[in-house]
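Labels run A, B, C and D following the written order; every chain starts at residue 1.
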Amino acid sequence: MKKIGVLTSGGDSPGMNAAFRAIVRTAHGLDIDVLAIRHGYKGLINDDISKVTSNDVSNIIQRGGTVLKSARCDEFREPEGRAEAAKVLEKHGIEALVTIGGDGTFQGAALLAKEHDINVIGVPATIDNDLVGSDETIGYDTALNTAMEAIDKIRDTADAHDRLFLVEVMGRDAGFIALETGIAGGAELILLPESLTDIDEVKSSLNKVLSEQRRSSLVVIAEGDETGGAMKISEALKPDFSKYEMRVCILGHVQRGGNPTARDRVLASRLGSAAVTVLKEGHSQVMVGVVNNKIKLTPLKMTFGKKKDINFDLVELAKMLR
Amino acid sequence: MKKIGVLTSGGDSPGMNAAFRAIVRTAHGLDIDVLAIRHGYKGLINDDISKVTSNDVSNIIQRGGTVLKSARCDEFREPEGRAEAAKVLEKHGIEALVTIGGDGTFQGAALLAKEHDINVIGVPATIDNDLVGSDETIGYDTALNTAMEAIDKIRDTADAHDRLFLVEVMGRDAGFIALETGIAGGAELILLPESLTDIDEVKSSLNKVLSEQRRSSLVVIAEGDETGGAMKISEALKPDFSKYEMRVCILGHVQRGGNPTARDRVLASRLGSAAVTVLKEGHSQVMVGVVNNKIKLTPLKMTFGKKKDINFDLVELAKMLR
Amino acid sequence: MKKIGVLTSGGDSPGMNAAFRAIVRTAHGLDIDVLAIRHGYKGLINDDISKVTSNDVSNIIQRGGTVLKSARCDEFREPEGRAEAAKVLEKHGIEALVTIGGDGTFQGAALLAKEHDINVIGVPATIDNDLVGSDETIGYDTALNTAMEAIDKIRDTADAHDRLFLVEVMGRDAGFIALETGIAGGAELILLPESLTDIDEVKSSLNKVLSEQRRSSLVVIAEGDETGGAMKISEALKPDFSKYEMRVCILGHVQRGGNPTARDRVLASRLGSAAVTVLKEGHSQVMVGVVNNKIKLTPLKMTFGKKKDINFDLVELAKMLR
Amino acid sequence: MKKIGVLTSGGDSPGMNAAFRAIVRTAHGLDIDVLAIRHGYKGLINDDISKVTSNDVSNIIQRGGTVLKSARCDEFREPEGRAEAAKVLEKHGIEALVTIGGDGTFQGAALLAKEHDINVIGVPATIDNDLVGSDETIGYDTALNTAMEAIDKIRDTADAHDRLFLVEVMGRDAGFIALETGIAGGAELILLPESLTDIDEVKSSLNKVLSEQRRSSLVVIAEGDETGGAMKISEALKPDFSKYEMRVCILGHVQRGGNPTARDRVLASRLGSAAVTVLKEGHSQVMVGVVNNKIKLTPLKMTFGKKKDINFDLVELAKMLR
C-alpha cells in the first residue's frame, strides 16, 4: 500500500483533527502517502484533494471541528455519485479510503466498497456515541463535559432563585449524553429515549424532590426523548408547577464544538493510528473501535442501523442519587 | 454605625458573592456587624436573617450565583410590603441596608429609603451592564466571556460545515453583551437594540461576506433587538439563504452562571468594600460605581429608568473588522 | 446495618466530593445513617464526627478538593492510634467505615479492620491512577485534562518562539499522567518511570524532531522518572541544545484541584454508591473498582504495594505520532 | 499610504493575533496592503515577509500565541542590524511598520524610526501590563484569569489539607498580575516589588490569619518581588511555620498562553485598528493605547524605561479583605 485518502463526513465532532493527525503520522511512518479529501464525500466527487505532510498536521490535535471540513452530500447517496467518487480515487491512485464519521458516513463507505471494490476503513466519530463496535466514539467525552459545564452554570442561577430548570441535551435518538451529564450534573431527573417517560411519574418525582427542602431542581432531557423534548415537557408541567419559575435551556450546537478532552484526543489518536495499521495488515470494510481498552474491528455493515445499548446500571444509579 | 444588612435581589450575576464577601470583611474591619438577609426583599419581609462572620464568607469569592439567594417579591412593590420590611429592619437594629442588584432592586431600595428614612446603598450587579453610574456592572465581564466561549465552540462546527449561524445572547433591552461578544467572537454581523435592523442590509452584508470566500458566517443578535431575536431573523432570511444550512442558537441561562472572571471579582471586591466605607462616611441613597477606574457615587434615583449608552466607536469597529 | 462512617484521607483528588455524595444518598436510600469524619484518620481519632443529611451533600458534586477535609496522621500508623480510632467508632455505633483515598489510606484501613474486626471498604481516589483493581481512579481524568490544558497553553508560547519546553507532570512513581497527557498534548517525547531514559536517545530524538522543520518542541516528563525530573533533564541537555531557548515548567499542585470532569463524577458516583451496596451485601476489606466498565471488588491488601502496569501500546503509539 | 508591514516581537501574549487581524482588516478597508513579517525583527532582517489577505486572518482571533511568530534578535540591537532592516523595508516598499510587543520592541522601533526615517507605530502587548500610555496592555487580562484559575485549583487542595501555599506569578519587575490575582484569588497576603516586603510582618500576618480559624492560607508573590520570589520566602518562613505543610507553586509559562479573554480580544481589536487609522492620519513614532476607555497616543520614547504605577487603592483593598 502506497497511497491512502482520508475524509471526515457528517456532523463534526471534537477529536476528528486528532484522528486525522494520527492517520497521517502513522501512514508516513509506514511509508504511505496520505491525500486529504476536503468537504467529505462532496469533495471526493469534486476532486477537492491534496497531499499532506506530517508538518501539515502539527498543532491541530487540540482543535475542535475538522480542518478537513465536512459537508452533506446527496449525490453520494446515488450509485452515480459513488461511481464518480470511485473514478476520482482511481485517478489519484488512492488504494484505500479512511472515513471519519458516524453511521451515515459508514453506510456510504460500505456501498462504495461493495460497488467498486475499494478498501475502506471507518473511524467512529460522533458526539452521540450511538455506534456499536466501540465503547465510546470520538467526541463523546468532550460533548459530555461541555454539556455538564453548561449545567453547572445553570445550576448556579437555579440555586440562586430556587428555580426549576429543564435542560435539553443532544444525542439524536440515543440517551448517552443525557444519562451521563444528568448524573455528572446532579440532575434530579433524567428523561431518555431508551425508557418511556410517564409524565405523571415525572410530576410526582419532582414534587417529592421539591418538597424535601431542596429548593432548586434540574431535569435533563435527551433531544430524542419520545415526549418531544424540553419545550413539550415544560408545557406538560406548567399547570401543576406554576408556583415555581420554570425555565427551559436547549444547549444546542455548543455541544459539537470545543477543544477535545484528553480522553477524546487519546481515543482519536489510537483509532486513527489503528485505521492505518489494520489497512496495512489487509483488513477492509471494518470499523476500528476500542472495546474494554483494546482495539477491536467490526464489519462496517454491523455498525449502522443497529441500536447501541445504554448502561442501565447508570439509569438505576441516577435514581438512587436523586 | 454598628449594624448593617445586606441582600441580593433580581437576576443573579457572577461576582455577587465576591461583593458580599467584601462587604462583610470591610464592615468587620470597621467594627460593624453584618446581618445577611436571604432571598432578597422577600427574605427581608419574612425575617430570613442571620448574623455572618468573616469566616462565613471564606471560599465564596470564586463561586457564581449568590449564596444569599435571590427572589422575586411582588409584596415589596407595595407600600405595605415595604412598611413590613422597615419593621423587620428596626427590630434587628439594622442601621443601613446594602442592596446588590440591578435597576429593579435600586428602585425598591429608593422607595424604602424615602418612605421609612432608612440608609440604603446600591451595588450594581447585573450581567446586562445597563446601569448608568458605573462603567461596568458586576457579572458583565463573566457573561461576556461565557457567551464568547460558546461562540468559539459554535464557530468550530460552523467552520466544519460552512454554515450560517445565528446566535442570540442576553442583555435585556441593551446591546452591551451582543456588541462586545460579537467583536470578540469575530462575528460577521451584530444586531443591537440600539440601532435599527434593516433586514435588507443584513441580507446584502451576509451575501457580501459569504461570496468573499469566507464560507462560514456568524451573526450575533441581542435578545432585545427590535426584530424580536434570532428566530425571527432566521425566518426572514430563510427564503434568500436556503442554500446555506442556517442554524439558530439561543445561549440562554448559561450566561448568568459560572465562576466570576478576575475583572468581576476585583470590581465586586472594590464596590462591596466601597459600599461600607461610604456608608460609614455618611452617604446614603447612592449607588457605588467605578468610572474611569475610580470609585464614583450616583444618586440611586439616577440609576433606574435611564438608558446607558453603548460605545458607538465599537459599533464602527465591528463593521471595519467584518 | 444501621450506621456507617465515611472519611477522605491522603492527597485530595477531584471527585472525592462526588463519591461522598453518592455514599450518603445511597445509604439513605437503604435506611442507613451516615456519619461524616472530618480530616481523615486524624479526625477519627479526635472524634471530629457529625451526622449528614442528603441535603448536606447537595451542590458538592461539581467541587474539587474534599469537603470532608484530609490530613496526614502519624498516630494512625501506630497500633495505639488505631485502637483509639476503634474506640471512637464503637462509641458512635459505626458498623462500617468507608475510606476514600489511595494506597496509604487502604493500608491503614486494612490494619484497622484486622486488629479491631471492623468492616471497611476502600474507594480508590488519587490523581496518580496507581492502584490495581480499578481501570481508573477518581481524580485521574481531571488531572489529565488539567495537565493537558496547561500543556496547550505552553505550546502557544513554545510555537510563538520556536522553543524547547520541558514540562514535568505529577504521578508519584507512576507514569500514567505523563503518558496520556503527553499523547493528548502532542508531545515530541515522553519520559516515564516505567522505562529507562537514555539521555543520548533523548538528544537524538530531539535533534531529529527539531531538524525536521518542526521548530517548537515539547517534552513531557513524569515527576517519578528515574532521571530525577525536568530540572535534571534540562541540565543534561543544556550543553548540546544551547542554541534553543529551553524552558522548564513544573506544573505542580494545580493538577490536584479543579472541578471534576464528567468521567470522574460518574466514576465517583458509581464507586461511592457501590461501596454502600456491597457493604450491605456483607462484603468487607475490599476496594470497589471499575474494570471493563463493571464494578469489581479487590481485597484491600491486594491494592497496596503492588505496581499497576501502564498500557505499553500507548507508549508505542506515542512514538509513532511523534 | 499603500503598504505597511506588521510584526510581533518580544514575549508573546494572548491577543496578539486579534491585533494582527484588526490591522489587516482595517488596512484593507482603507485600501492599504499588509505584509506580514514573521519572527519579529529577526524575520525583518532575514526578509521573512509575505503579503496577507483578509481571509488569511480568519479564525485566528481566538488563538493564543502569535501566528506571526516572535524571536529574540541581538542583531537588531546594533545599528548595522537596523540598517539591514531598513533596506528590506525599502525593498518591499513598506511605508510604515506596525510593531506589536512591549518596551524592548518599542525601543528597537524608535531607533529604527530615528536612524532611517521610517514611520512606526507601537501596539502594546505584554502580559506584564508594565507600559505607560495604556490602562491595560494586550494579554494582561488573559494572564490574570489564567493565574487566578490556577490559584482556584490550588485553593481546592489547600483547603482540603489546611495547608499554606506560596504561589509565584509572573510580571517581571511589576506587581500588576500579583496584585489583581491576589485579590481575585482571595489571597491572605500579596507580595509586590512596588512595596518592601518585611518578612517579620509577613510572619505576623500569617500567624494572625492562621490562628483565626481559617486553616488554609495562600500567599501570592510577584516574581519581581525584591525578596527573590516564592522559594526564598519559603526558606525564610520554614523555621517558624514548620507545623504547617508549606507548598511552593511557580505558575510559570502557562501564564503566557491560552485563548485570549473577551476583554483582550476587544482591546486588541481596538488598538490594532487604531494603529492603522492613526498611521493614515499621519502619526508616527507613537504607541496607541486605551486610557479611560478612549484611544490615546503616546510618543514611543515615553513608553520605555518608565515605571507604570500600580493602583495603591487596590493594595489597601487587599489588606481590608484579608
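Basically, a residue touches a chain if its C-beta (ideal position, glycine included) is under 8 Å from a C-beta of that chain, and two chains touch if they have at least 3 such contacts.
Please read all numbers here as calculations on a predicted model, not as lab measurements.
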{"item": "Same-interface partner of C-D, chosen from the options A-C, B-D or A-B, over half of the pairs matching", "value": "A-B"}
{"item": "Where subunit A and subunit C are represented by their mean Cα positions, the distance between them in whole Å", "value": "28"}
{"item": "Centre-of-Cα separation between subunit B and subunit A, whole angstrom", "value": "35"}
{"item": "Between subunit B and subunit C, centroid-to-centroid distance (C-alpha), Å", "value": "39"}
{"item": "Junction residues of subunit B - those touching two or more other chains", "value": "152, 155, 159"}
{"item": "Pairs of chains in contact (touch as defined earlier), listed by label", "value": "A-B, A-C, B-D, C-D"}
{"item": "In the complex, subunit D residues that touch subunit C", "value": "8, 11-12, 14, 16, 39, 63-66, 69-72, 146, 150, 152-157, 159-162, 165, 245, 247, 249-258"}
{"item": "Touching residues (chain side subunit C, partner subunit A) in the complex", "value": "21-22, 25-26, 29, 54-55, 58-59, 61-62, 135, 141, 144-145, 148, 152, 155, 159, 180-181, 183-186, 212-214, 259, 261-263, 265-266, 269-270, 273, 292-293, 311, 313-314, 317, 320-322"}
